[in-house]
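Two complexes come next, and they have one chain in common, chain A, joined by chain B in the first and chain C in the second.
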Partner chain A sequence: MRRLKTLWKKYEQNKLAHGIFLLIYIGVTSLSLYTAQKSVTAFLLLLTSLLLLYFTKFTNLTKWLIAGFVLVFLLPFTASNGDAYQSYMEVSTLVGIYIAMALGLNIVVGMAGLLDLGFVAFFAVGAYTYGIFATAQASNFMPFGTFPLSGESFWLFIIIGGLVAALFGILLGIPVLRVKGDYLAIVTLGFGEIIRIIFNNLDRPINITNGAMGISSVTPPRLFGIDFLYPSQFYYIVLVLLFFTIFTVRRFEHSKIGRSWKAVRENEIAAQAMGVPLVRTKLMAFAIGATFSGMMGVVFAAKQAFVDPTSFTLLESITILVMVVLGGMGSVPGVILGAAVMTILNLQVLTEMTNWLNQLSLSGIISIPYALSPAKMQRFIFGALLILFALYRPKGLLPAKNRIFIEKDLQGANRKAKLVTPQEQSENEKL
Partner chain B sequence: MLNEVIQTIPQVLIDGLALGTVYAVIALGYTMVYGILELINFAHGEIFMTGAFIGTALLIFMTGTGWGSALPAIVMLIIVLIVTAFLTGFLGMGIERLAYRPLRNAPRLIPLITAIGISFLLQDIVRFIAELTKGNYIVTGPSLFTEQVLIKTSSISSIFNDASIKTSFIIVLVTAVVMMVALDIFVNRTRWGMAMRAVAQDRETASLMTVNVNKVISITFFVGSALGGATGVLFAVQYGTIDPYIGFILGLKAFTAAVLGGIGNIRGAMIGGLLLGVLEMFASANLTLLTGGVFGAEYKDVFAFAILIIVLLFKPEGLLGKPVTEKV
Partner chain C sequence: MSILEVRNLTKKFGGLTANQDVSMTVEKNSITAVIGPNGAGKTTFFNMITGVYQPTSGIILLENEKINGLQPHDVSKKGISRTFQNIRLFNEMSVLENVLVGMHINLKAGLLGILLNLPAIRKEEKASEMKAYNLLEYVGLADSLNEKACNLSYGAQRRLEIARALAANPKVLLLDEPAAGMNPKETKNLTQLIQSMKHEFNLTVILIEHDMKLVMEISEHIVVLDHGEKIAEGKPENIRNNPKVVEAYLGSGAIQTG
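Right after this comes the complex of A and B.
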């Protein structure tokens, strides 16, 4: 046992060993995905390599380069060999969309400590912004211009969608600033429902959203004369936006505004006393969080080519919240992991399990009643996850790390901050 | 236009009162828990829903057996109400013990998140029990009190239309009023009620005065959930069809009622509930008319939420509550 431990310690220190292990792992999983196209396991294992990469001791730049290589080349290439290609890419695209949304919510809930239960409303706003103008729907109320707009406008709409969502974020934020804590949660929940009900009924008196029927055949994005129709193409749009999102969120986290968010989260009154402008800080959190959600909403509308109010229910808001809680509130890598796990669980694992159980009951081995099929157990699983994590691991899978500055180091030449988890921090303080 | 609105007022009032009493009793559960723990028990709406399902199951079971159908309907309803109240009361106590008590000193965000979790969990458990036994999660109970009574409100003044009420409405109203009066006596006149008020005022000082705080909190959850569950039965009797997702929106509206009346204030919750019920019915009956067809009755939920937001913004202490200042 002790020898194993020392061996593990040695391995932990050795970068080369990490590199070799990772290389072998990626090689084996991508090869198995390449040869066994139908194996969801291989696909998932290949994605896990990114998690392993996170735990290695490489510099950040190296990690990003490897992650970029895996996501941009290796994953699409190895998956492209069979029929399941588009479905894999579909899943990856949705994972990307949800990660960006969860990162947005993470700013509001995790960093600024404002529990927002209507977050999907901003996603809806983004989706409808593109949906309305990229179909003939807009000609019902716009006095000028010809609709649908061409596919080239999509790129502009990513920005417009983000801005409109940010505007809604501020509109929600202004009244909500007066309420705190639990009330805030309820008000945002109400706001989310109001937006959904309004979109659901805005086919009268002027038909703007086409009501419960939804908006169909949204114009696909177009770049240099190529229409984006397949998930494998959207995958790259999402990937670019996702890298942008992660980069921005990381920059925000350790900037002045990021520190203000955390100060407001820990103690509003104390933060105010220290000169943090409460109104601006909170509004910024709402607006920035909403922006990412709105941008992904535009992509979602274009990808599905169909927008209707049922995609934006409370369940969606809670799903995104589960992602944040599961990964660790305030922790960017944690939220990415949480979002990926939840989306894959939702889209792949549950459906696969349902299919598997159906086959078993068809062949008469066991019979699972229809009511218990895993695909319908979403609420049960989400609820159980929320409770278990809140009770036993409130900091999530990958807890957030804070930068600490050691006074001695600051005075000397070594002006680097250390990233530690709160537990480590309290241990340090004890010492 | 005004004439048409006035004509419907008797019916609106009656329907609004029926809905309002349901809101009021559920709001009591929210307000009691909030008064003691400063926690929004999100799962309360789900307890109400579970109560509705337990009650319907019991009613179906009792009408199915011989001795059950021999009883007069009202006796059967009372038995069902009491049994359901006890079951949901213990459910509420269990939820508190499992999900809220370990988190009493955690940041306030965390118990709220478990509450949402509990609420989703209950929805799904009830769904698959119902689906497993009945094949469909939308359940219709036996109709017990369906006689229609016509009230000649037009005889009071010719500007009113006649209103009709179901007998179940009277039962709902009477039961709800009995429950509210009983609760009021319990809180204001008994030793446990006094202990509850003491804990709500200051938990630590109360515990120094030999009040068993944990027990008081358990009892609060028991009473609140029992009332919520019993209201669930009344709801099922009044409206017939139930599904596992009724609790969330209804709970939210009951919460609105609690906020409207002043959260933490028991009488406020009753008034807020009745007011909200009548307002909502008025909105759903007249929105189309008043806005010239721009907004239809489907905006009545928006209307309720708008009330919530407006109250929280401009009078967060509610109608009967006292404003609270936050100390550092």
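Right after this comes the complex of A and C.
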């Protein structure tokens, strides 16, 4: 037993061992994904390699390079051999979309401490922005121009969608920032519902959103004459945007802006006394958080080729919030993991399990009473898992950590005389 | 030369008058104490100067410029920094990050600069980290730079609040009961710290304090409030023997000299 422990310690210290283990792990999982016709397990295990990678002791650059290799080449390539290729890519694409949204919400809720229950509204704004202009819908109210716009405009719309969502973030922020805490949650919830209901009813007097019918046949994105039609293609768009999102969020987190978000979260009065403008700081959190959501909304509209209000319900907002809380409020790696786990659980694990149980009961091996039908159990298991997490990991899967400063790097500025000597200080501690 | 001047400052909370016609002048580079029994209106007075409350009437002048009506964050930009009676640190943030937030107004970084990680921004960030560390050394907290603020001892939290306030590079520093909850040894260190600060950072200090020993030792000028009104002001030796002051304190029995 002790030997095992020392062996484990040694392993923990050893970068090479990590490398070898990771290599074997990735090799085995990707090979099994490549050879197996339909193996969700292999697919999920290969994705898990990214989590293992996170825990290794490699430098950040190495980690990014390996993650990039797995996501850009290995995963799509090894999955491409089986029948389920497009469904794997569909899941991966959705995982990416949700991660970006959760990271956006994390700025608002996790960093700035503003509870937002209507976050999906910004996703909707992005989706409708592209949906309206990439179909004939826009010609109902635009006095000039021919619609639908071509698929090449999609790339521009990613930016426009982000900006429009940011604008809505500010519009929401202005009235909302007068209220605090629970009231803020209620007002944002209202905002989310209002946006959805507006989209649902904006088919009269001028038909802008086509109401509850939704907008269909959204023009697919086009690049160098190639139309983007399949999940395996959208996967790459999402991947690029996701890298951009993570990169941006990381930059902000450890900057003057990120610190002022956290300061406002921790103590508004003290933050103001230190010169942090409350309203501006909160608006910035709303706007930047909304931007990522809006961008992904554009991608979502293009991917589905269809937009309707039912994709943007309160349940959707809550799901994103759960991703943030489950992963760890304010923790970027945590939120990424939380969003990935939630999406995969919802789309793959629980559905697979339901299918499996259904098959068993159909073939008469087990009999499940109607009240406990697997389709119903799915929600139940999901809820039970959330409660377990809340009980045993109240701070999330990967709780937020403060940046660690290396003392040596900070020493050597022109020193002021030390007033409290270390000796005196330790005496103080004793008293 | 005076740096801060208030004229006829009054603050009413509904029927309650927390400050009534308070006027005073604070000399540049001096240490002034504001004392008075509990509920006298001392903290309210600080809150008006820092823009947390708007005065019902009266004027506040910093270097002959009117600052009432400004938002708290704008007041801090004008050069007034403060600590709080009930400690208000950014609890979940590290000790060093707390000081970094204090530097907020001196940092030029903008949205785009941060996004592009421009060299100028990186340099500014690095320099501010070093300066923050320097301030932590100054107040004796360098060893706990990565600690969460809420994990510090009470006395250390008070010192961290001072370091954070100093980080803003203020002209005037307001300390609201800095020695509250400190043991005699810590109080002695604090007394030295306040005196040294004044020289090192070319500061004007105004402090609220119940510890009369500390007050008498370091202040050059004392203002006494009672029931929201200024009942006396002057040099420590005059205040000590002022019958009005003794009377104000007798009820609470809080006077301790020596």
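Of note:
Definition applied: the second predicted complex is superposed on the first by the 381 of 431 C-alpha atoms of A that agree within 3 Å, B and C clash if a C-alpha of one lies under 4 Å from a C-alpha of the other, contacts with A are read in each partner's own complex, and residues count from 1 in each chain.
In the analysis below, a residue touches a chain if its C-beta (ideal position, glycine included) is under 8 Å from a C-beta of that chain, and two chains touch if they have at least 3 such contacts.
Computed from a predicted model, the values in this text were never measured in an experiment.
Judged by the touch definition given at the top, the superposed model places A:R204 against chain B, while chain C stays out of reach. By the document's definition of touching, of the two partners only chain C reaches A:S260; chain B does not. In the superposition on chain A, A:I269 makes contact with both chain B and chain C. Of the two partner chains placed around the shared chain by superposition, chain B is the only one that A:A185 touches, whereas chain C remains out of contact.
Overlap of the chain B and chain C interfaces on chain A: residues 269-270. Put simply, chain A touches chain C in their complex at residues 248, 251-252, 255-257, 259-260, 262-263, 265-267, 269-278, 284, 400, 402-405, 407, 409-422, 424-425, 427-429, 431. Those residues of chain C that touch chain A in the complex are listed here as 50, 52, 71-73, 76-77, 81-82, 84, 88-94, 96-97, 100-102, 104-105, 107, 109, 111, 114-115, 117, 121, 125, 127, 129-134, 137-140, 142-143, 145-146, 148, 153, 155, 164-165, 167-168, 183, 185-186, 189, 192-193, 196, 200.
Per the touch definition, chain B reaches chain A in the complex via residues 38-40, 99, 102-103, 106, 108-114, 116-125, 127-128, 131-132, 137, 248-249, 252, 255, 259, 293-294, 296, 298-299, 301-302, 305-306, 308-309, 312-313, 316, 326, 328.
By the touch criterion stated above, chain A contacts chain B in their complex at residues 109, 113, 115, 117, 175, 178-179, 181-183, 185-187, 189-191, 193-194, 197-198, 200-201, 204-205, 269-270, 314, 318, 321, 325, 329, 369-372, 376-380, 382-387, 390-391, 394.
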